[in-house]
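Shared between the two complexes below is chain A, which has chain B as its partner in the first and chain C in the second.
Then we have the complex of A and B:
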């Protein structure tokens, strides 16, 4: 098999990541996201907390602010518990010195402002600085307070709460490039919000059939195009990804494009549909490509070619024979995320056994790395891992049968400009940095200069 | 100055100043709203040197506090020493104009616009214009968006060199990197164009307008439409075709439905701005396209404009244009697939009859009305019915009634109670339009049927409807047609219907007047005091309270009082309560102290049981 072959031929790594931080928020991390400059990194966890890290001038990330974004709630109408777990975090483009981010749990989206305060007012008329009442006879003139410098205080305040618009669980939020609107998607619907208006949202996609028995697919992820304010992509549990043009009509039930690869009939099995369900979709920074992750592969799609992906990378093809036991343990429903690096030349996604995978699009090299407490010694360079199906070739090889399926890396994020990555493994957050950054002169091959060789690209129709 | 008056007068001000920093937002807000009091007490000097610098730095506060502050500062000129010192207000407003909250920024800009008028021409150039420039070249988009709203207020009052600079700044903002700033520039373009010299409108504004109208962001393009309308009003007729129309035509055919929606929404303004010739040649086909747009939202917006558009067509060719171009599109919209489109059309289509006259209405419009009256969506039918008066004036209601009545009956018996409720609300209006004779003949029975509807909200609305009908047709009509039927229900076997009689009496007694109430209604009410159902009995007590003011005192003493006293000893707790309440009120109104005492005793009796 091509993917596995490529894997074993890999002799040397194309990154030498070293470890710079491990942080242990009290709860299992459920989302990781860098802001637009990469200076800040936010994580959300199962306990509804958001932790923001700031990058110091020396390159280290330190905790900047921690706040409780969501609390557990109870829907009395449906007798349902609403978990506080943060499903997604999205940063807003910079407004002013304060930072804004959207965080969502299953039902409610909140807009948070994180700001700094370094001054405080002094001088009361009727009290002294300790707050004791002054003798009124001594108050003979009015005093206007003055502002004096104080220790830096970072405050997080909820600015808006966007609630009551989703009947199902919210799986994605995405800010539009117009910086005025954002979308939120649940299993069956996608809503469009104005960031300033909390009491109204517009339904733009509705997959709910008249009769729920006719339900054949659910929305798994939705994302706006990075530059074109009218384009959005959403993927479904059937393995398709649809591109919608919001200019065409108010309801985007009719897609502009449908990205779907014809299933190989020889591979059809009970699990075919489950493993083809798309668990993450990411537009490339350039806006030209779509990256989709399903259970076994990551695929790169050119927006101009709908019938097949331009690249397909096997993440852990050795699991193909183990789907039955993975189904029994529910692991087959794990939702792995995927990420582009800043120049769209490398792809990263998570796997089991605390492993994560990287694929260089130009050289076709790939690597498996491990994020775990044991291997993460300070400033130690990460060593590539290998999983073997049959006999071990080397001492360090790991056999498929000894993989720990409870240790999974679902959430990953790549710094928008530099080779810094954030990996969430249960309740640990690992941040790794490539040895040659921050100068950014690593000789990562640029994908734009050399499109993958095995694929012949037809003349793309103009979109 | 104020300090000299002594400590007593200082205290409230001191509290206000301290509460500027209270932890409770509400107290801070109260304090900010009394900022003028604080400033007055401090005097102009200290306001300028101490209060304003403090306020300039307090931008951390909650939005509502900042909003109140921004508003206050707009009328602070006197408090800082008059126009001579008005520029002292610029620093705090400048920092408010950069906060992230849009409402606060907008209010700060509004206040800045206001105080710009109080600057002398010299101060404007020395203090105000530099502030605008600072905002326009600020690092954050928030300050740049605020700047967009300030150019137009200072432009007319500055020298030509500064004018050139201002135009340059505006140009820069129109091609800003962030869509937020371009949106702000786009929305202020029309306002800015108004204060520019005509030559500059042509040389500067038109290129900017063209660029913004073809921006990559839909949200910028759609705001340019409105600017286009304003610009069109400024230009002489002969320049419109070359300078504005190509862009507007392009907007009407934009790929994005939101832009086309905006064109449809602003169509009447556009029509007014471009004049009759261009309307005939350009706007008519454009309007036809909008009415046939593939997006229902656009069709809805366009359908809403049908009447206004037709009204404002040049008189000489109005009828031809409507008959040959507009009406065919309208005919299609009548059977549109989208209910909102049909509903929008139904709310304006009746207005066409006054424009087209009787013959055309009968021949062309009436069939459309009838189709809409039979529409599957009640909202469409209701919109038609609620605008019947327009057609009434043109062709008379008789002609309409033949087809109208079945539709109304159908709505009146709709399975959804909300629909029935809506049609009841139109009954008084219809009654007024149709006249008493027609009403008695066709609709009266419907109104009575609603009184025994199985939904309470309908019965309630029906009683209210009766009251309005009596207001329209008078007491005599009520006595002959309604009252006998209402009173007849008092003997109904269903206690809910018997109660409806009481509710009707509640509503009708006042409009019917003393004579009918005393002679016809009161005996029935009194008789019902012996009803076997407690709910009816206590409603008798409430009813007596309600009709009390209409009755004369002899009737009160002779008939009402004994009954109430009897009810006050009723077996049922609620009946007793309402009877006593009535008793107390009536006695208090008679100002009988002894009676009051009696009442209190009665109350004690009541609660001790």
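Then we have the complex of A and C:
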């Protein structure tokens, strides 16, 4: 089912979206990631599965491959169960007919190879077509097996398993621009790996104090700079983001830069620390800026200025007076991700009630959109949403008190080049696409008459 | 003082979260527990700020690395049980209302998502009430030293006015204090109710404490307090059985939570250290 969404502000379209709703009823989606070209979109879920979508020539995304990446494990030493939930997926930028991605749960990172097979060898001498051994007395001539086309088969196979390097829960992985190394970060440490070596990793950041009683902060996210292979950024629960230069020393506990904004004393409450904890960090595509997300805001930092962000956007400031009840319900611990568009001109992040927000940096316009089945119906037009604190000014306004905090959009991704976004809402994936014509003008929104089909799971590949 | 009620409530909620985290699938989440322990510490500071005559709350929170000193000086400033019980018992009326919440949190620890859902829906109903509490908490934590007494009065008054209008049972806090029951006596009554099990639980808990690298910090009296508070949680943790009925833990938690305040720091850091 598809429909066209659009909205107008001052009679100019911001984005007009049509969507493809792909239902994955099995499990809550825990990560979403486009590859470097945007041709593939990978999702990981709470059940340890990875589902990869491929963009068709017509522009829609269809399921390409599904495989079980991680299984639940048990740590006998600590008497702890290790969840199979996929925390992060990162694609490798290899130029190869096959595709490679890293997928990680709390403890183990795996490198998966996803390849296509469309030919099959036929005419073996010793085996028949079904694979059974031939009776040798019947073999009178020799033949050379030939390759014949077959139905496309997508196979996923684990090529590397990077295990036993993290005592705490892994929250991030990031592939270096050198395409040889990658980092993995847990609550207290960041390790550097070579993609080809699984039995060794280098510890480059260690925040674990001598005495755990003195623990004051944990690492929340870490990411490599998109161009400089020696630079990495990591954010912490105290609301700071550090830039580290691996050339300075082997252990990067001393940061090269520290991005921190002085807390606003008028906002001081019991929950100030929680609210300031950074839940996501993303370098801009240009490498010039950093995007950080904390509970209530999303901030753009210039790498050259550490003492305050250059831009701050309020995601849902109306929640500031509700922090106590959000604490009780654990919602205050929700970790929202953020994303840049391909040209670094628009920022996107999720919120509650299946809303997600976009901020245009140049015009300072923002929009709230909703990703839900009720809204995204055939022939339905996507309308911008507005949350009101007091009395409703319009019929379509939504009161703060009627927001559904169980419906949260934590994971969002933006196509690296085009205006295509992937939104994960619980176990549903929504893909929105901008109807931009080749000459650069936006179409007026139109209702699609032939909706794409529901996507069901393909035959599971062998691996 | 209404802000003390709020601080006390936040502490109870925080302790519940720390307890829940021990039985959650996937192990203890360090990040979340650290944040909860920070909230616990802030709430505790606010809660105990009344005991500092002339001392400013902001100065307390800015003092670095002196958590332990504060704790010791608190102990010195007033006699152990009696006065404290007097002060805290008036705040115990709201506790019965919190028990359903705590019980809900205790029971729904198998599936995080599920517990979030239930708590969120109940949360929406309480939002109006909580927003008034929030503003009280905010004001109290940032009062400047000179005017420490006066601002606390007015937010309390306004909070009282708002509270009266809500039908929630928090109005009980305005009732005259119940006949005083010595906390010490009640706690020992709880322990004797449990019969043989405290023996077993002490042993179990101290081995736990050693694993947490806190053995030298926690003395056995603290441990036995905490065991009583969390009821069957220790034995439940090791035997991997579901938690026993929480009513017992709730009652003892209500009393001992206050006793725990001075001993809170070793415990909260023990949770974090693993």
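Keep in mind that, in the parts below, the second predicted complex is superposed on the first by the 407 of 463 C-alpha atoms of A that agree within 3 Å, B and C clash if a C-alpha of one lies under 4 Å from a C-alpha of the other, contacts with A are read in each partner's own complex, and residues count from 1 in each chain.
Here, a residue touches a chain if its C-beta (ideal position, glycine included) is under 8 Å from a C-beta of that chain, and two chains touch if they have at least 3 such contacts.
Predicted, not measured: the structure shown is a model, and the values here were computed from it.
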Touching partner for A:373 - first (chain B), second (chain C), both, neither: neither
First, second, both or neither for A:80, with chain B first and chain C second: second
Chain B versus chain C as contact partner of A:392, first or second or both or neither: neither
Touched partner set for A:406, first chain B, second chain C, both or neither: second
First, second, both or neither for A:200, with chain B first and chain C second: neither
First (chain B), second (chain C), both or neither touched by A:333: second
Touching partner for A:188 - first (chain B), second (chain C), both, neither: second
Overlap of the chain B and chain C footprints on chain A, listed as residue numbers: none
Interface residues, chain A side, partner chain C - complex: 28, 75, 78, 80-83, 85, 106, 168-169, 187-188, 212-213, 215-218, 220, 237, 265, 268-271, 273-274, 277, 321-331, 333, 401-406
Residue numbers on chain A that touch chain B, as the complex places them: 93-98, 100, 113, 115, 117, 119, 121, 124-127, 136-137, 139-147, 159, 177-180, 196, 227-230, 246-250
Sites on chain C touched by chain A in the complex: 6-7, 10, 13, 17, 25-27, 29-32, 34-35, 38-39, 42-43, 46, 101, 112-113, 115-117, 119-124, 126-128, 130-131, 133-135, 137-138, 141-142, 213-214, 217, 269, 272-274
Contact set on chain B toward chain A in their complex: 2-3, 7, 10-11, 13-15, 17-18, 20-21, 41-42, 46, 50-51, 54, 57-58, 60, 98-102, 140-142, 178-180, 183, 216-219, 254-258, 294-297
